[in-house]
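One structure is given here, and the rest of the page talks about it.
Letters A, B, C and D mark the chains in the order given here, with residues in each chain numbered from 1 onward.
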């Protein structure tokens, strides 16, 4: 098959300040499903249409932010393949033993030039999504809240932006799909390992290792409205939206979890292939590139990261 | 990148009886864009969000049906790679010279056990979709009719079904995503070379080489309604819909072009990866598998092919 | 205010064969809310966005069908006003005492020429919809099933069609909005007492007093899809849809309750005023008038009534 | 019929600075249809689903703002009826002769306590909407831009707010549907003459006679997105949205015409009857009342009027 190597964002582990508040947010308001807890106090969740055991790990902490983002690879041999490529690129790797996260196999871990820990793994338990594999309904009853389909991507703020993008493309085989540029300077890069407009994205920043947002996929613009209504009903702090991005055409809304980590839920109709042209937005259109309708940046959106 | 080898359905060449009527159908009602004609009288069209020169070729003929379906591969070397694999599987191949279709490079051509001509090509002109690559709007103004995003897949009726599916998977690296089975007999197979629920699908049939439908992607269920309205306004012969499929969850409508070739326009929110479980529908649920709402087969849908 | 006299469909009392099955249908699948029961075994329900106590009364019986449809009038004096008009038209009236239906005031009752019992009432308890009147959210959480906004209208099959329509217009001040005609013969009449395309509708029939369907309003075409999915999940007998009507432009789906009474849920964007032109469909377009997409009648839809 | 007296907003005449720019805005971007011009240089437009000749009159001027808003009444006798009521209320009236606006009958004109000229008329030419009355399609082809269904309402800023609301209710029979209050002070009043959440609305203001916005109805939230996209494509100045209002639940977007007059396009699923409870928002929830998602006022929205 045409899909090999790094397949998809598999999970993100983020730090949260108050676990009960966080679970209320991610379960009652967002509609993720709790699947496990471990002796470090971490709680494992997944979206309703994910077959893998978990896609979001909440880690109790005294500061918000991202611990690591992990990608599923197609085979165990891919771990060795990318271990060699990452090392050859000049970046150290380590192996995290199977079972360190419940139900997840051994992980290859490394830190990007921009200071983010990325991980690859080949195995994770697949208890199945919330539907049977035999004669499945199109969606399960009894979903709560926004009920996104899946964890979709992260947007990360880091320094050494150019080195990071070069690393993602050369060592990890990601593809640049869209970008925002200021002359020769790339401000934002959207990268895919599949046919999505982005599986991960990076923004040039002075400080390394920051999280801009964790994003989850919805099935339609009407579900974005429903999410927006829930945000208000549940007194969740809104950042921006509902609106559309120029970059990726995504129909989106941004808000914060109780720890201050930014979330996005969005719908989309764009797609890319390896031979798709890179779409470029220029800084004179930065407002439209980010928020297509208002054509104006929002301070909180550009300045807050965790 | 993770996408290699066979990337996507690149085009389908179908036979039409009356070119003027056909162009009226595909351009005025469906909203495809004419891009070229050749000295065989063939007319080339594309959807608005396709970067490649064409995705649909209408061939003047005295009988409806499919000439061939072609897939874009990532590199010229893939042609040799799959040429060897197809031959090794025991199926003859031939090369169709570059330029036989305007703007398309050399094609590798072969016939499946079920009697369908499939082709692979590595090069096609990319004049771009209907938007600039610099600061593109989310959609172009002045679209006509249904205005699908892209040519999406074909469903083919053929004999030697099991041999065909085996060939598609072993020689061409397709992945089985969903199926309808009657005990040990597979009636329908949905295959992907990407993350779509289907890039091509096959139905077990007594006669080889038949076309069930050519399918185009829409962005939402509301656009399926709009397509349905246009079908009625333009007196297009409806087959079935609007409705949803159990298989693939697609939100769909079927109708016929003036030559009797069945078309589909549909929206979807499903996705697959190489490690996704195969979803299986059983023949006792065949109605729901095909038409999720009515749970009843429609004679025309199952019996008519071209 | 401009709205006086007969305001809206207030409730319909229908006969059901098995109350438990019926409640499962109307509550779990359709999402209506049970509000009361009485010593006749009747169960009272309402939709989530209705302020009045109830809009649907299920009456235990050994045959399906409609007992009566009732309209809310603006004032007690309207009861006397219409009592006089109905009598002057030559039709007998009676008064049903307050409290015969729990929470409903005195009703004026009469039988149309086509054999349907219609009633008017000026008072019904208003416990409020499922939202507060102070700072209300746009919709309540914890809705079940299809969750229609309100009971919207009934379509009735009766004999003496022309007499019935004349009576509705002359004695009850209804307005003809749309019709289907065969030459000089009106086959179907849509009537409003407000700005809706129909508050009640009649179809010419040989037999008097039959119910074609009870209809409930949804907020969008996407919610019609959701209803269609639920119909299949819950193994509810589908009649027709999802589709659009030519008449009224409604986006609709029809199905049967466990007793065989037909239900509709639909969305719409049409409206009328007293000076709106009557829209007329001709019998040569009957298919399109009824089912805009397929342009074909469906036997069950035209032949089954209760 | 239940609808009598004042039926609906019939048209609004607003002042524009540059007619060509204004027509480009209202015709090319918004999709209204030009129907006439007069010797005062006024241009008459209507929305595609309006049967009356016009609903928007653009008046060339050197300052933006509203000239008058006019309501259609059911009968000529209503003019006399309301003439008497308005005079009895202590407000002067005048008659504007038939033909002063092309195709419009005699108008009854008066000024509210808050300084807005309102008018009533009983006759306007009805060339019909953009569809036939015989076998009409659900929508016309070849619509441009946002393509709203109809002119829906105006929101007006005026002084003597309480007097104005009292006048609208007592002299003109409007009904209060929703309000925003600060203790005993009503800040905003939504008024209907039909079953809409608002046919006109007023905001308490120091200055009389100002226009907040002219509003047009769309059929769905997806069409609000489409309007938002067009606003950006056409470089129209956005005010706020897409979002939802708490008041009326409307799904909305605001922007400015080239003269600075604010426009709204919106979709809705709410409705009222004469016996509907008044929905009240309190000033401590003013953010949520106005912009349900962000729960924050927007300076331009509250401060700019014309």
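Just so we're on the same page, a residue touches a chain if its C-beta (ideal position, glycine included) is under 8 Å from a C-beta of that chain, and two chains touch if they have at least 3 such contacts.
Remember, predicted model here, so these are calculated numbers, not experimental data.
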Numbering shared by both copies at the chain D-chain C contact, with half separating same from different:
same
Report the chain whose CA-based centre is farthest from the CA-based centre of chain C.
A
Between chain C and chain A, distance of the C-alpha-averaged centres to the nearest whole Å:
48
Where the centres are mean C-alpha positions, what is the separation of chain C from chain D, in Å?
31
Note: chain C sits from chain B at a C-alpha centroid distance in Å of 43
In chain C, the residues touching two or more other chains are 138, 220-222, 229, 232, 244, 288, 292
Chain A residues touching chain B - in the complex, by the definition given at the top
1-8, 51, 72, 74, 126, 128, 133-136, 138, 149-150, 173-175, 192-196, 219-221, 244, 246, 249, 269-271, 273-282, 285, 288-289, 292
Listed in rising order, chain A residues that touch chain C in their complex are 137-139, 141, 220, 222, 229, 232-233
The answer for chain A against chain D in the complex is residues 221-222, 225, 228-229, 231-232, 238, 241-244, 251, 253, 288, 292-295
